[in-house]
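Note sheet for the following structure.
Letters A, B, C, D and E mark the chains as written, and numbering starts fresh at 1 in each.
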Amino acid sequence: MDFNLMVEISPLLIKAAWITIDISVRSLFFGFFVACGLVFLQSFRFAPIRWFARGYISVIRGTPYFVQLLLVFYGGPSIGFRLDPITCGVFVGAFNIGAYMSEAIRGSIESVDSGQAEAARSLGFGRAQTLVSIVLPQAAALMIRSVGVLAIVVVKNSSLVSIISVVELTYQAQRLIGSTYKPLEIFTLTALIYIIIVYAVMGIIELAYRRAMRYTTL
Amino acid sequence: MEFDFTPVITYFPTLLQGLGVGLLVALVVAFMSIVGGLLVAVISVYVNKVVSWPLRFFIWLFMTTPLLLQLYFLYFGLGEWILIPAILVGILGLGFHYMAYNADIFIATIKAVSGGQYEASRSLGFGHIATIFYIIVPQALIRSIPQLGNNMILMVKDTSVLSAIGVAELVYASQYAISVTFRPFEFFIVIAVMYYVVNIFMELGQAWLERMTAYRR
Amino acid sequence: MSTENQTDTPDTPMVEIRDVYKRFGDLEVLKGINLTVNRGKIISIIGPSGSGKSTLLRSVNHLEVIEKGSIFLEGVQVNRPDLKGLAFERHINHIRQNMGMVFQHFNLFPHLSTIDNVTLAPRKLKGMEAKAAREWGMELLNRVGLAEKADVFPNWLSGGQKQRVAIARALAMKPKVMLFDEATSALDPELVEEVNLVMRSLAEEHMTMLIVTHEMGFARDVSDWAMFMDGGVVVEECAPQKLFSNPDQERTRNFLKKHLQG
Amino acid sequence: RDLNEIRDDVLQVVNSGAYPPFSFVDTQGNLVGFDVDIAEALAEKMGVKVNVQSSPWNGIIAAMVGGRFDACICSMSDTEERRQAVTFTDSYYSAGLAVWVQDSTNDVNSMDDFAGKRVGSTLGETGNQWAVENADGNWSNQTFQGLPDMMNGLTTGRIDIMIADDVPVMVAIRENDTKIKMIDVGDLPRFPAAISIQKNQPELLAALNVALAEIKADGTYQAIVDKWIGEGANIE
Amino acid sequence: MSTENQTDTPDTPMVEIRDVYKRFGDLEVLKGINLTVNRGKIISIIGPSGSGKSTLLRSVNHLEVIEKGSIFLEGVQVNRPDLKGLAFERHINHIRQNMGMVFQHFNLFPHLSTIDNVTLAPRKLKGMEAKAAREWGMELLNRVGLAEKADVFPNWLSGGQKQRVAIARALAMKPKVMLFDEATSALDPELVEEVNLVMRSLAEEHMTMLIVTHEMGFARDVSDWAMFMDGGVVVEECAPQKLFSNPDQERTRNFLKKHLQG
């Protein structure tokens, strides 16, 4: 192992890691709203709106992420939709993970025993109030867990964003190998950075989970 | 941008071949990740920490790093000591990666099978291992089908990452064709459709399995 | 509060069920049920499993939507087909606040402490102040004998205690009628009595109650009127003394014979 | 985008960033190399500002066709098929395919000796296309995502023979003291490396060709060659 | 088969419980229990919730590990502290094959059809052939009146049917003693009788049985001996006729009074 090299290039990798983090955080943030929107659309009584949401989720989950990236980033300009690479990474990332997240959110809501909603309704609570006061607090813990798993997926998927010329962590590592011919050192370092990021994400999830448990006890 | 799909027709057999390779890899990986995941889960739930902890750590490593990086590491990083053929690297990388995810599911479903089931089996005279094998694992498997199906659907798409180490699957085939014909979008659209068709079949298969096992839960 | 609420004259029946029909898919579960419950009266509904008792009770609270017929609470129609969307939502929420429902499986909110379970509805739906709500909640918990469990979470309570909290919760909105759906049948035999005691005390205070139960002894003791259902129809209804000693119908006799034996 | 729009903005140039010495990142993280310097020299002559970026090879083609970049100065070989989709300028250097083996290998002396061997090439490059079209079942092809990967494959014994453009490999051998050698197996195709731009951009094409001629004429070009390829090298 | 098995002489008691102690953490649940069950006898164990009835029954089957005392099945010690690891595992599996246990919540295997639930143990543990096992399974299902449900899955059965299958399953290994832990208390009142009938038929065939139950009527009718437990000790044991009409102990009388009332 060439430790001098590892020390020398680590600032470059860390800089690239920030881009990975930036894209991941923003994708997750906006993805959450996309997901809530999709869950909301699926609760419509008007069937075509539900079908649209189901179809969207199915197509997004059924096609590879990097193809989605390429089509939007490189195909977009020809229909007048031009985004800079990082914005495009966030945009596609959010709409991609939103589809997965909406399923996770729906699942955790459905996991709450239907007797809970019935009990609330029988007390005179309205639909929205039942959701907010009774169902969501009980779904929160599971929701944080399953959304948390997706957060890790987002971090790891961000390595695919390199295909639209974003120099994130994995691509930077590949480029550095190209000029240094030292794959082992660079991969070890890169993996270490990913592990740290993912570990931090897992810590945040755990924290949020505990918070949720506390909130649920009002 | 005007589309011209004639090059796609020329390379269609190559694409189909690539799809076949991808699906073959997926099949092996599915088998490996389900059987392996189950094994890991059973060991982590039932065997003491000394044995299960290193195993969990190994699995955890695969869960926390991008697949692409793992493949590169196995292929080039380890290349200085041991040469694993590309397709095997792909299968191992994907296999371990999804083994980690599947093990997580199995651990949860094994724990969800009620203690009453274990006791009932023991009270019939089944031993610990026989109980796990005949009673706990089958029930955990049935309960895992929905999440397992999701994972396997994700995994099929992830076979595309194997193009990076030269495994001639669908994306690889398309890259070759694109570099010759310079018709990227036509090929991307076609492979997206191909993946989507596979995905639909898998979703149908999953729904069928869930239906077939619904009354066994 | 809507104007329909003003029909509160002494001789209006509290609950009226008129010719109610309900089906699930191909299965007809209620086939023309009629029942009138006067203020302060206690009605027991008995019948074999699957006869439609729960469905009837749930229809009264509009947890099931009936196909035909009508249900009134103090002269106000519960299932108002003329109201749609939000207007109906408002209407039914208001109706439900006047009916307390107690379920077989308690359905306490596991994320809330006992007192919060009881006071959530008055706080959120009537805007009761936290302090007043706590006092009111303690009064109710006291009444079911669980004041000392106010800050405990439902998972730490025994089944009988859970059900008593559920009753307190249902009472918190000062309902005009209480609906009990097998309130004691998920309980261990020893715990049944403590819940029955609470229900008896409600009876003494002339709470209007509709009780679905499998406990014939309790039904006989406590109720003013008894109804035997089978296959979605009312087979027989009369004073409980008569129903449990000398019913008119063969079917009723068969059902009860089996019970008095066990 | 046509030339006028570019003049108002910047010339967007792309390369793969993993093809030393033509384009790669140095240990400070800067994108450098022959292609980068050529791009800057051309822009200076054309009087436009330039922005050089890198993108993985499989994104570059989509980028060019989709119009994300104005020019790909990325050592791309000019072939007949590719001309269907993009326009090439005059060649800015000439790349020849060459065959490489480990220093210790002695049994490969002609194309006949390829039989039964594992032959490596870089996915998407002309060497790969040549290897696929000529293999005919005689040898097995194995591909890599870039030259560094492939050279690693050759030195570790994943492949027996490597087919690649000669210049970058020679530079890499010199810089890294790699234990491989070139062997002469007779005629292999040579492809001119040219700058690719979108179709129907005559002004941009003309301007690039003029600028290219100018830097060759005034010695700028040779200076860049000296710097990256080797003192006095001739790669035209 | 171990040699200890040969002590099968006519006058060995079937089950012997000698001075058994068991605690969970700080909670002493069994405080010196003694009981002898002779071949073909039926013993009912009654007592309030938490008195340790289930724990005692589970200790007999070694589902709970007792702290002190010993338990014998036909003279063979169940809790053998001298055996460790695999040797004990073999020993206890063999012991358990000779005891059938029926749980309150049935614990049928949901992934197996009714007949497979019944025949799994004889097939896997005795190596019975598929065909012979099916015949044997059908015989048992016939006996509990469920032959026509052989290929149905447990989730499609009613509670009473589930419990009857559970009994058939426990009988499949031809046990020498059957342990019932509140076999009917999770059932709807209508379904209790069908399970009781099956248990009565076992009694008629002189199966040795240990029955924990809350149904006093059934306990009185069916058993040869009755035992009242409270707080981890045996308060009183005698013939059921005496226990249920004229018990010696004040505690027993209190407990039973409440029940006869309900």
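Heads up, the rule we're going with is that a residue touches a chain if its C-beta (ideal position, glycine included) is under 8 Å from a C-beta of that chain, and two chains touch if they have at least 3 such contacts.
This structure is a prediction, so every number in the text was calculated from the model and none was measured.
> Both subunit D and subunit E are touched by which chains?
B
> Could you tell me which chains make contact with subunit A and subunit B both?
D
> If every chain is reduced to the average of its C-alpha atoms, which one ends up farthest from subunit C?
Of all chains, D has its centre farthest from that of subunit C.
> Centroid of subunit B to centroid of subunit D, CA atoms only: how many Å?
From the centre of subunit B to the centre of subunit D is 37 Å.
> How big is the gap, in whole Å, between where the Cα atoms of subunit B centre and where those of subunit E centre?
Distance between chain centres: 46 Å.
> Go ahead and note the Å separation of the Cα centroids belonging to subunit B and subunit C.
51
> Multi-chain contacts only, two chains or more: what residues does subunit B have there?
1, 76, 79-80, 184-185, 188
> Two or more other chains touching the same residue: where does that happen in subunit D?
58, 62, 65-67, 145, 149, 152
> Once the touch criterion is applied, which pairs of chains come out as touching?
Every touching chain pair, ordered by label, is A-B, A-C, A-D, B-D, B-E, C-E.
> Which stretch or stretches of subunit C touch subunit E in the complex?
Residues of subunit C touching subunit E: 48-49, 185, 188-193, 214-215, 217, 258-259, 261-262.
> What residues on subunit B touch subunit A, complex-wise?
Contact set of subunit B toward subunit A: 1, 61, 63-69, 72-73, 76-77, 79-80, 153, 157, 160, 171, 184-185, 188-189, 191-192, 195-196, 199-200, 203.
> For the complex, give me every residue of subunit A touching subunit C.
113, 115-116, 118-127, 129, 133-134, 137-138, 216-218
> Taking the complex as given, what residues does subunit B use to touch subunit E?
114, 116-117, 119-128, 130, 134-135, 138-139, 142, 213, 215-217
> In the complex, go through subunit E and note every residue touching subunit B.
61, 63, 89-90, 93-97, 99-101, 103, 105, 107-112, 120-121, 124-125, 153, 155-156, 169-170, 173
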